[in-house]
Structure formats: structure tokens, C-alpha cells
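To keep things simple, chains are lettered A, B, C, D, E, F, G and H as they appear, and every chain counts its residues starting from 1.
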Amino acid sequence: MKRVYGKPDAMTDVPFPYCPGCSHGTIHRLIAEVIDELEIADRAIGITSAGCSVRNWRQFDCDMVMALHGRGPAVATGLKRAQPETVIFTYQGDGDMAAIGTGEIVHAASRCERITVIYVNNGVFGATGGQQAPTTLIGQFSTSYPTGRDPRTSGYPLKMAEMLARVSPESYIARVSIHNVKNIIKAKKAIRQAFLVQIEDRGFGLAEVLAACPTNWRLEPVRCMQKIKSDVIPYYPLGEFSSQSLKAQ
Amino acid sequence: MKRVYGKPDAMTDVPFPYCPGCSHGTIHRLIAEVIDELEIADRAIGITSAGCSVRNWRQFDCDMVMALHGRGPAVATGLKRAQPETVIFTYQGDGDMAAIGTGEIVHAASRCERITVIYVNNGVFGATGGQQAPTTLIGQFSTSYPTGRDPRTSGYPLKMAEMLARVSPESYIARVSIHNVKNIIKAKKAIRQAFLVQIEDRGFGLAEVLAACPTNWRLEPVRCMQKIKSDVIPYYPLGEFSSQSLKAQ
Amino acid sequence: MVVEQSTYLAVSEKNLMSGNEAIGEGAIRAGCQFFFGYPITPQNELFEFMAQMLPQTGGTFLQSESELSGINMVYGAAAGGGRCMTSSSGPGFTLMGEGLTTLATAQMPAVVVCVTRAGPGLGRIASAQSDYRLATRGGGHGDYQCLVLGPASAQELYDLTYEAFELADRYRNPVIILSDAILGQMMEPVVTDHLPRMKTPPKEWAVRGKGTNPRKVIKVAPHTDEELIDWNRQLKKKYQLMQDNEQRYEALLTRDAELIVVAFGSTARIVLDSVLRARNEGMAVGMFRPISLFPYPQKALEEIVRQGTRKLLVVEANNGQMVQDVRLAVCGAAEIAHYGFGGGHIFSPYEIYREIRRLGKS
Amino acid sequence: MVVEQSTYLAVSEKNLMSGNEAIGEGAIRAGCQFFFGYPITPQNELFEFMAQMLPQTGGTFLQSESELSGINMVYGAAAGGGRCMTSSSGPGFTLMGEGLTTLATAQMPAVVVCVTRAGPGLGRIASAQSDYRLATRGGGHGDYQCLVLGPASAQELYDLTYEAFELADRYRNPVIILSDAILGQMMEPVVTDHLPRMKTPPKEWAVRGKGTNPRKVIKVAPHTDEELIDWNRQLKKKYQLMQDNEQRYEALLTRDAELIVVAFGSTARIVLDSVLRARNEGMAVGMFRPISLFPYPQKALEEIVRQGTRKLLVVEANNGQMVQDVRLAVCGAAEIAHYGFGGGHIFSPYEIYREIRRLGKS
Amino acid sequence: MSKAKGQIAINPARCKGCGLCIWVCPQKSIKTVDEADRRGIRIACCAENAPCTGCGFCYMVCPDTAIAVYKESTTEEPAD
Amino acid sequence: MSKAKGQIAINPARCKGCGLCIWVCPQKSIKTVDEADRRGIRIACCAENAPCTGCGFCYMVCPDTAIAVYKESTTEEPAD
Amino acid sequence: MILNEILIAGFGGQGIMLMGKLLAYGAIYKGLEVTFYPSYGPEMRGGTANCTVVISDQRIGSPVRNEFAYLMAMNQASVDKFSERIKPGGVIVCNATLVESPPERRDVKIVKIPANQIAMEMENPQVANMVAMGGLIHELKIISYESLTKGLVRVLPQYRHNLIPLNEQAIQKGFEALEKKLNLEGYDEQSKGTNCDQPGTV
Amino acid sequence: MILNEILIAGFGGQGIMLMGKLLAYGAIYKGLEVTFYPSYGPEMRGGTANCTVVISDQRIGSPVRNEFAYLMAMNQASVDKFSERIKPGGVIVCNATLVESPPERRDVKIVKIPANQIAMEMENPQVANMVAMGGLIHELKIISYESLTKGLVRVLPQYRHNLIPLNEQAIQKGFEALEKKLNLEGYDEQSKGTNCDQPGTV
């Protein structure tokens, strides 16, 4: 028998530290597969960020740099300018990128910085115990708003992909999900494109991945996948929001 | 003879400290006129920001609070939550709001905070001597990019009104200009709407005003007005980008 | 952890409270009506306590998009006359430097809590005291100063947080509560009813719209160079007043002590055990616990040392940040040693006892 | 001000340079290839010099969207092995606290310039020295330390900026150049050719993609609590090494001085005139000028004072931030007075002379 | 409208001589004075024999609110 | 495709028993073990007599990359 | 003077923190000083959990301890990890249902209580922790059944207050199990002692 | 020893800063120490401008001064604002074209040079500042025409280097105007002196 699926090479042997069913693991694997397929492990550099994935420098078998909360795109910018031959990706949660790091990501996008951003939208601050993220759905429970998100008090869920696409003319920006096999395959394609647009020097790449946090959603993993489909995607439509430069090619 | 036009009451007698032909003055006057017409001088509070207008607390005859660079919307949020009966407006340049203050404005907009933002887009950091703003046009000279803005190095001019409208469902967001009488009248209407949407508790209000900085553009005031028409508006189209809640009424 | 209900506020007996909750209770008791903050471990219990309680008490809780924004919201609410608070830990506390210099400049009262974790950088969530320097000296630019209180028990966290609001209003200045992860997580009985329930006092300087009065302006920069110099002179006077009036400390068994251990916050708790053990063994050891960290209780320490102390052992869960203050207070009058580590080391009473013995002998 | 062309880099004679330009020249001479920064007065001439020069020398200039972002870009470029720099003044320098603790934790070399203006808060653009404390002690959380140099002339700004890059690489640590608005605006002749044109040295720890080597990780937090404690211990050792090796100062007429005026940066320039005048009048006055502000030149000051100085007069354009360091150095061995004001007061040589005379008499 | 009789007053302490009112006046009834003032500025003033209609355009564009416009017995609103 | 013969191997050190593979397997050929391990987790394992086709779905959804899929003499790509 | 340092350990889900807080309230109602310090394992969620309760009639120094007079071990892992931390003369109370190999020390008193089993017999497996608490206060002696149960209303959320009688019953069952000297074995008379008086305690 | 504090003042657009820098280069080429310190008025743009040049043969302390040995006043406002700051025995060089009422002090030397007028005569009004410079170095004495003009190539931008001969000529014209003792009046012999030696100078 031949192994047809298995751990990608760009992933280390260290098991993931995440809760059972946590989407971070799936997304990590997709990134590693793309790094393998594009054969860029030797020149890829990942930027970690604060969040449950803060120590994912242990997961990727490539050079890694840790950034402080929200600053990934700035660190990536400095590094890419210093080492233009490398392939830089940031890995950021929705707290990291859509809350404290708003300035950094908006400007990296508008500079069309040649970096790749993997943006994990799980609708919650996972690492700090389930507080409301900018992406938390209306009515959704969190430890900061125990009665559920009320737009009157704390506003509307932020659609980062749409917003960033609006300011980043040379870019590939897409929203994907990992709630079933079909979408996982699509998600990988989007991640691949988000890398390619950098590698081919065509622009800024960002894949927003709708993800689950079973622990803070207080749901079984399988129920989480169903919830992504039933509740999350209707608010956060999947698709490509910017692929100007790709079409131009 | 009867005075038909003259200094509005909500303006103090202190002459403006701006360069000849600087649009800040025009915009100040429009705000003061709107405050007069809405009869809110007694409950309006202005938030000043860093920039050439940093000391415009001297110009408005209402309570004023100085904010640090870019933080106007956060200060306004805190103040509005503490004093919900007041009418709060921030006055921010494009360096202030679109550069260092990106996080604050994006989140104030997405919270649909009941505040009014007067956003002065003059395409330049005026106060610090003409460096590139996030809004500087492609090819435009600045002291930070003396050979002109190259999107490859420093990205594309940021369209804040469009971007913010994307994340602010309950809001009035418009872009106006003051390059001639017709547009000045329109600008005043937009400023008025941006106040009204707050006063009537319908949402967040923002008027982006295309403005001139004769000194750093190194152009005569009249030439500046022509340049707004010929160069600036084609990139920054005028209009309303969000008035959902207004239409709903 | 979500506090499921407000039992605390109702009962008049001792309540078991975590240090983080005690801060929240003290704040609400003092009439705090506004909390703006951003999650960070190990202060989340406080954050979530306020999230739960403020809406119940008619106050406002708002999760800001960052600490930078949060403290500026605090500034806005303070300008509006509200009693308000924010809280964080190391990395977030660092981001409040701008806000602190703003609040201090504009002379706006506010309470800022730092539940210290191990640094530097992202660090880890283990308890540490390495933000002492940042709280007492650092953060923002220019000549400004925050009052800094360093409680050491849940009761003290409650009492001093309450008092912090009073001090903030009295001096029109930000007050920092410097706590740490041990104090934050630890639970202890707290009595609450000895302090009257406060409402925000009237503040004639607050902006609410001018109404029919002359307008008010809250400034972070004056109009002329001369004004700014004068402004700084005023601030300096105020800080001197704080130094004259707000030095707080606890001295234990110091009268005849040849060696005094100086420690604050959770470390002082551990030191207490070590000191008592050494005393039990006949060593002439005492403990000095600064409660106000700015102003540092210089006068008391100096006087105590004058009574014949030969040595001071400064114990802190950091690389020696408080040593400078001790040195400045005693200025050569006693030998000063430091024991401590940055990065989240948790002392055992025994190791400090060992250090006391070692020093006592030499 | 825009520097219109690069005459400086070509000529081997004395050039008239503003202090801000001298920093830029020194940086480029040292092989600085990356500048990330955000405009702020009174450092804009440096910012604009780099904007002009770096593209001409094959380097990268990028205006960041904020200082917070700028210093994190510096961190990224430093991680990539580049010699890099950022600069600001008070309000922006405050926003770099997070970046500084990051750089220090990750042990990344970088040069950070603060051209101080009057604070606190938004303050004004008048010259001041009130970011002394922020540079030497503050900014970020946790136990970390930057090297801080305080030049006092255009030549020294040039020389020390150049050296700062060397020091940053040697210690793998951020180095702060603490300048001020007077030094920044003032022009003086500067010789440049005595320092060889440097290239970025090879840095085996930099990340460039692993290639065929084992991968590298640049961290701001280690994996375990123990590692973080150990990490802090290593950092402490390094800071001790700095303290042992990098104390710099200038002493003038101190040998027989009964009164020594201690001052740094632009204030030391003014003090020089006052001291010479007093000397001319027969007073036994000297001047001590710390050049390294961290480490503070304690050893030298202590020794000098031991030679019989009765009094020290600390003159600074702030409310007395350096006094603590002087006190810590001499520890009771001499009386210490402070003269200075926060908020942008510019001393005249005469007023300091007057102060010297007053003290000399008492 | 062109028959209405208007008049403007320019506040010399506020006018900075930017020239926008001159540019915008449909009646060409504003010009600059000949002599610079203490600030080195040649401010705006009424041109002789040029009929002001009181249209308010100059007021509208003046960045320094240096102009007041008067009109003979009319309460008309500005052109819209 | 359903006739192809496949086989999976589950890494017990990586599996966290989240159940996603069980949910997704079209052949119902995965189940949980009866006993919790030292971590208190009941990990996934192959169900008896259930024909694995080697489709890879389980690998795809596994958040912990705990599954490797083997197939008899085929190099087919995953369903797309 | 009284000074008891108690470590309660088990895995997440066993209600370890609740036990600690209840004990702390027991001390409060006895008029004693008390501190409670929680500690979670390095695992993200679930995993191990333990808490330290210090009870004294005098002001309490450190809430964090390295050595303890009492260990309440709710599972085997807790025994393996912590039994060496108990001072000579101290007491280890084991949840006999889940602890197969009790510690082999002979200088401490080892008490076994089949907490889960008793709870199961009560047809309420989730009160095993309360059964164990009954056993623990039996050994502790300074906390009475009354003062302990008085705390239930404070530590249980409102919506569980209907379960207070059940919890009381479980505590009583646990207490009685030891009172009847049932399940007592491997107890070395010589090292008996409830309050240990080692160097380092005051 | 040599110590000269020179204040050059006028309004923006008169080339005040250029004058100061040129003077500084003159000092450099003379092998002297020099500092140049610019100062702009509080107005946003335009408005007044002045700069301080300190020249010495020894290390220079403060680049900022309150009192000066020389004032080069390019307009009336400068005379009004600064003439009191000139030390007794000092020199005030006035741009006579724009200074209508020269200072009334009798303890300083007052020199008038119609700089704009001479420039106008040269049909290059913009070189008035260079004419004034010629006058200034005539009074200063320590900076020669040669060392001053050597600096032109350093202070003028490349695209203006073609104007160097014109500038040299203007400087010369200014120098000669005073050399020929033209336009010299109101000068009190008793207070004559180029280097003042007041308390506070070294």
C-alpha cells in the first residue's frame, strides 16, 4: 500500500497544543501542504502572533519569527524588505488582526506588501478565554458580553476580507472555510493563491479562514462544523474579494 | 443693509492660525455654521487632534477636549458613553485618522458609535512639513518621498470613506469637497447630516472633506482649488457611501 | 472565569474573593461606572467581572479594540466626569504609556490596573513583579507621574482600589494599582461593607457641553511655550504634594531588626513567612513593605534604618527594579542586597529564609 | 527641511551639519540600510534625510503608519539581519515601548533615536530633556534594558550613532540615541572620514529562510516558564556586562572642584559656558557630562566625587529625572542640588552661572 | 439676482490675502490692496465701481471667515 | 472509487478524539476506542469490517493530522 | 496556633476548585484566616488541576506553598505527583476509587476514602468531590461539618442551590465513612498528627 | 581668544538661514569653531526668521544665546526686537534700505548698509542678503572675503552654482561699501570694538 495522505514535510513532529477539534490544526496542515507543494520550505518564514497559535513556531519546519499581538504585518513588512527573496507569511487570529492589529493590516494591505496573511476567523478571543472578537456574531455569547453581542453596545462583526479588499488594489483576498472536505480543499487553494501572489510578486495575499473554537463556542467539534455552515457563512460569505492582479495575468 | 453672511456664533473671534488659503479654515466655518443651525453649541463637544488644526479648541465656542494623535475616536467614544446627551465631533486630518489612528476609526465606525467625524483629507501631513499621508496621490511629491508616491514602495492612496462605509452598517458617510461654492454648500449639507445621524441616534457620522494644503502642495490657493477638481476628485469620488439608516427612516 | 452572579454585592459578611475580583468590587463600591479594556491573562477575571457587573449597576463596560484605544476611552470618559478604570498586564500596560502621559497632562483622574505577568516581550503568564519600574517611572514621555499602589492581599486590593478612585479625584491624576498574577488568582476573605458605597463626585471641570456657562477646554498641550513650562511647574508641585502626603507602608518587627527584608505585593506575603521563621530562630529580622510605590515610603524606611539596621535585603520577583528606590531612601546608611529573578520565578518561603540566614551571618 | 543633495557623503573636509543630519550621516556610514519611521517634529530633518539618502545608497526607507508599526518593522528587518533604525520624539517614542521590549527580548540589534521635545502629553516642539527617564528606565514592561547614549554635539551625534550600530550588534540589543531639539536643529562642522564606511556584518542568527540548514526561530517568549527565567538571567548578565564596559563620560576641570555641575546633551553645552565663567572668576567648579546614560557612568562620578567635591549641581531641561542616577552614583558622598524645569525652558549660561554662584556660596 | 445690491466688509485682522474671494467673485468686485501690511500680506478689499450683488460666494470660499456680506433689505438664502 | 481499497493509520499521540473523522467518513469505517487513554481521551480507530476506500476525507478534516491514508496501487488525487 | 496547608488535586472536571473554595468558606465560618490558590496544568483545556488552601488563626503569608500538611488526592496522577510534597507527620487523603497504588511513605498518615464509589452508591456520581470533602474535614478536624456546609450556598451557583441537601448528604457520607473507621489501612500510628509542626511553619 | 556671537535676523524669504550657514562655512575655512542655530517665528509659515552663529577659536558651549556681540538686522522688525540684546561694545549692522529707524543705543557701533538698494543697483534684488554679508564680515573682521565665498559652493544647491560669481560680486560690493566708509553715521568712537569682552564670555 502506498501512503496517499499524511503529515506534510513542512510540519514538525510536535503534536498540536490545541483543544480537540480546534480548527487551528487543520489550517496549520493546509499551510504546510502548500509550503511542500510550492517547495518553499527553504525560504519561507512564518510570523507567529499572540493567540492560541502563539507557539506555532514549533509546528512549522521553516524559519519563524514571533511577533507581538497584532504586529505581524509590520514585522513581516520589515523582514520582507530586508529579505526580499524569502516568502513571508503571518498567521493571525481575529483578535490579533481585526482588533489590536487593525492599523498594521490595513496599511500592509494598502501597500500591497508582498506578504501572505493567514487570517483565522473563529469569532472569539480563544487564548484569553472566550471574550468577544471583532468578528463575533450578533447575539453570540462571549465572556465579555455574557448576554450576547449587541451591536448597539459593541458594534457589528467586522468583515475584514471585504474591508481589506477595498483598499488593496494589487492583492488576492479570499474567504474560505474548513467545515467540510469540499471547503477544506477550496481553503487550501486559496491559501496557495495567497502564497502565489507573493511569490510571483503580484501583490498582497490574504486568506481568511472561517474556523471553529469548540471550547469557547461550548460546542462539540462536529456541531461547530455545522454551526459554521448554518450561522457563520451566512454572515461571512465565502469567495474571492480581490484578485484583480490575478485576473490581469 | 442687513448682514446676510458673516462669522457664525459657534466660532470664537480668534483668527485662524493657518496658512493663506488653507482649507482648514473653510471647514471650521462650515462646522460652526452647522452647530449654529442645529442649535447645539450648548451641548457640542469637539475633540481636537494633532495636525495643523491641533489648537482649534481656540476656534470653536463650545466645550473642547484635546486628543493625542489618532486617538480622537477613542476619546470621543469614552466621552459619549459618559455623556450620552452631548453631541461629540472629532476633527481629524488624514495623517491623524488614516495613518496612526486607523484602528480607532475602524472600530468606532464598526461600533456605529454615535459620534461625528470631520475628516480632512488634504493628501499630506501638513503640520510636520509635508510628508506623505496615506491619502497622497500616486506620483505626488512629499518630503518623505521626494520623487513622488510610488505604490510599489509605499502603497496606494487610502479611500477611507469607502473603507469605513464597508464596516459601518448604521452610519452616514460621505465625501465632499470645498473647491468651489457649489461644493462648499454640499459639504455643509454633508457635515450637517453627519451631525444629524448622531443627534437622532441613528448611527455614526463621517464627512470626508477633500481639502487643500497650499503650503505643502507648493501651489497658490486658487491653483489648489483647481487641482482638487482636476486631480483629487478623479481618485476620490464625491458622494455618499453609507446612508442606510437615513434611507430607512 | 465568568462570575455567575452578584452575590458579593449583597452580603455583609466575609466573602471569598480572588484578588482580581476584589479590585472589581472595590471599583464598583467606589462608584466606578466606566470600564474600557482589552483581554489579557492574568487580568481576565477582573475584565470579566466588570463585564458582568457594570451593566447590572447601570455602568458601561466596553471592550476596546486595543489597550491603546482603551486608555484613550478612559481619558474621554474621565473628561466627561465619570469614575473610570482600565486594566491590563505587561504587554498591554506598555501600550498605555501614551494614555498615562495624556491623563497626567490633562489632569484627568482614572484608575489603571496592572496585573503583572512575566516579561519582557510577550513573556508568559506566570506571576512576576517586573512592571514595577514601568509603573513607577516609565510608560510615557515628559515629566509626569502616576500614583502607584501595591496591595498585597485581596482585602487590600479591595480597599486600595476603592481609595484609588478617591485619590485620583483628589489629585486629578491617574492612579495605578500594581498587582500581580499570584494576587490576582488567589482567593481570600474580604469584608466590603466598611466602605460606603460611593457615587461619582461632582466635577466642575468636566466637559458636558457648555450649556449656558463659559466653555471648558481639556488640554494635553497649552497654547504657548511659557504656559507649558508653567504647567510643568504646577505638575511638579502636585507630585511633591503626593510625595509629602501619600507615602504608605507596613513595618513588621523592624524596631530591633539588624536585617530588614523589603518586599511589596505578593512577594511580601512569602517574605512574611520567611521572616517569621527566622525570628522564631532568634534572628533580628524585620520586614518593610512599601504599599505606595510612588511615592515610595522613603521617610519611613530612612527612619527605620536609622534605628540601627545594618542590612537591607530587597526581595522582588524581578531583576532588582525596586533596589534603586531603597537605595535612594537609605542612601548609604545600610548595606543593600537583592534577591530575585525576572521571568516568573515563584519564591518559596524557605529560599528567602535561606537568603536571610546567609546575609545574617555575613 | 529637505536635504537637496548628498554633498556630505563625498567630501572629506568639515561639513556643516545639523544634529539631525549628523545622526543620519553616522547611520549611513555605519551601514544602516533600513529606516522605518513616522514624522514628528523636531526629528523630521533626520526622517527626511533618510528618505532622501537611503534610496540613493541602495537602502530602504519606509514611512510606517505609526511609530508602533515602525518599530515593529525595525524588529522584522533586524530579524532579517539588516542594520536598521527608527527615530521619533516624545509622543512617538512612548509608542515604541512595546517594540523596545520586543527587540530587547528577542535580542535584536537596532538603533532608536529620540529627539526630545517638551512634554508631557502632546506637549510642544520646544527642546527639552524630559525623556531621560523613559529612555533609561521606561517604555516597556519586564526586565529589559536598552543602551542609551546622550551626545552633545553634531560631531558626537555622528560618531555615537555610528558606534551605536556597532554596540547594537555586539550586544544584540537596541541602542537609544537620546538627542533633543536644540541638538537636532543646531548646525556644526562635522568630520566624517575618520570612520570607515561599514557594511552590515554577517549575522549567523538572522532568519533568511532555512535553506539547507536547520531552521531558526526568533522568539519573544520561550516555551516554558523555566526557560523564561533562565532567559531573564542571561539578559541580566548581558546588562551587567554593559554596565561594566560601556560607561562613558566627560569630566572637565573636576580635579580640584568643590562644586561639580552634572549635565548631559544640549544642556551640557550651556553649562560649559557657565562653568568656564565661574572658573574665570576663581570658583572651584567643574563639569561632569555623562555620555552613556545607560549605563550611567557611576564609577567615574563616584571616584571624582571622592576626590573632595562637596556639592553636585544637576542641571537638566526637565523636572529632575537624572538626579536619581547621580544620587545612586555618589550615594550620600556629596550634597546634590537640582536646577531645571520641565516643559521646554531653554537655559541661559548666565542663569546657570548664577545658580553655581549661589550654591558655591552656601 | 444681479440687480440686488450688496456690500462686503473684509476684516483686515483675519484676511490673509489668499485670493480665493477675488477668484470666485462673479462681479469681479474684489481686488488686493496695493501695500502689504505689517505681516507682509496684501489683503483683499473692494474693487472700485464694481457692483457687488451680495451673492455671498466670497464669504463661502474665504478660508478665514474674513468677509461679512450685507444686502439691501433682503433675507434671501444663499444660492443652492 | 468505492471499490478502491484503502487503509488508515491513526497516530495515538496526535489524535484527540474530536470525532470529526468519524463524522466525515462516508464508509463509517472509523469509531472511537472504548477506553480513555492517560490523557482521558478516547481516540479514534478503525471500525471492524468497514470498507475504507482511501478517500482521504478523514485526513482532510482531522485537525491534528493524526491520520495517514494508504491505498492499494493508486496515485489518485483527492476528490476535488 | 493553627496552620494548615492543604493541597487538593485531581483532573479538570472533578470539581477541584469548588472543593477548595468550599473548604475556604468552612474556614471563614470557623472564624479562621484562609487563602485559596488555584493552579491549572499547562494543558490548554481539561488536564490536571489543583488548588492550595492555607488555613490559620493568624495572618497568612504566602498563599503559594511547596510543602503541605494535607493532600487530598482525587486521582492517581495527584498521588504520583504530589505525595512527596507532604511534610512528615502530614496526611494524605486518597480517593480510593481512582487511586490504585497509594503512596508508600510511612511518615505520613494515609487515609483512603472511596469517594466515587460512595457517590455512585448515592446514585449521584457527580458528588464524589463532596464525599471526599467529608473525608478531608474528618481528618482536618478544625473545620466542622456545619461550617463547611454553610459555605455551599456561597460556592454553588444559584441554579444549583436545589442540590444543596444532596451535597450536604454527600459530605456527611464521606465524613461518616472515616468516622466509622471504614477503609482505614496502612496507617502508621507513630507519625499520626493533624497539625504538623515542621521548621518553616509558624 | 576669539568669541563672536552673531545674530542674523529678518523675515522669511530674505535668505537669513543661508546667510548664517555661509558665515559658518566662512569660520570653518578660517579654521575656527562654529555653531549655527536657526529659529523661526511662531507663525506657521513665512513670518520672521533669525539665526545665531557663534564663532570661536575654542570649543563652543551653548549654540543658543541671549546676548550677542553682533546683530545683522535685515529689516526694521529685527532692529526693534533684538537691538537691546546686543552687548555694550557690540555692533549692529542694519540693512539701511529696510531699516528706517536705526537703534538709539550709543554704547554699540551702528553700521548701515543699504543692502537691498545695492542689490537693486546690481539688478539682482535677491542678492541683498549677500551684500549684507559683505558688510557683516567687514565689521566682523575675523572672516575673510575668501573664506566666506569659499562656502558658497557648500550652501547653494547645485542648480544655483552658476550664480556663485554673482553672489561673490554682491559680497564684495557689500564689503566695499563699508570699506569706503560710505553710509557710516551715528557711530560713537568711544564704544568702538569688534570683539567685546563682557562678563560671561571667555
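Here is the rule we use: a residue touches a chain if its C-beta (ideal position, glycine included) is under 8 Å from a C-beta of that chain, and two chains touch if they have at least 3 such contacts.
Small disclaimer: the values here were computed from a predicted structure and weren't measured.
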Inset, instruction - Any chance you could name the chains that touch chain B and chain C both? - result: A, D
Legend entry - Chain located farthest away, centre of chain B as origin (C-alpha): G
Legend entry - Distance-maximising chain from chain E - centres being C-alpha averages: G
Legend entry - Pair with more cross-chain C-beta pairs in contact, given A-F and B-D: A-F
Legend entry - CA centroid of chain C to CA centroid of chain D, Å: 30
Inset, instruction - Averaged over CA atoms, how far is the centre of chain D from the centre of chain E? Could you give it in whole Å? - result: 54
Legend entry - Geometric centre distance via CA averages, chain F-chain E, whole Å: 83
Inset, instruction - Any chance you could list the residues of chain E touching two or more other chains? - result: none
Inset, instruction - Identify all positions of chain H at which a residue touches two or more other chains, and write them in rising order. - result: none
Inset, instruction - Name the residues of chain A that each touch 2 or more other chains. - result: 18-19, 54, 66, 68, 99-100, 102-103, 106-107, 134, 154
Legend entry - chain D residues touching chain A - in the complex, by the definition given at the top: 33-34, 36, 60, 62, 64-66, 68-70, 72-82, 84, 98, 102, 106, 207-212, 215-221, 223
Legend entry - chain D-facing residues of chain H, complex: 21, 24-25, 28, 33-38, 59-64, 66, 154, 157-158, 199-200, 202
Inset, instruction - Sort out for me which residues of chain B touch chain E in the complex. - result: 1-8, 11, 15-16, 18-26, 28-29, 178, 180-181, 184-185, 214, 220-222, 225
Legend entry - Residues of chain B that touch chain A when the two form their complex: 99-103, 106-107, 110-113, 134, 151, 154-156, 158-159, 162-163, 166-170
Inset, instruction - Mind listing the chain A positions that touch chain C in their complex? - result: 50, 54, 66, 68-70, 95, 99-100, 102, 125, 127-129, 131-132, 134, 143-147, 153-154
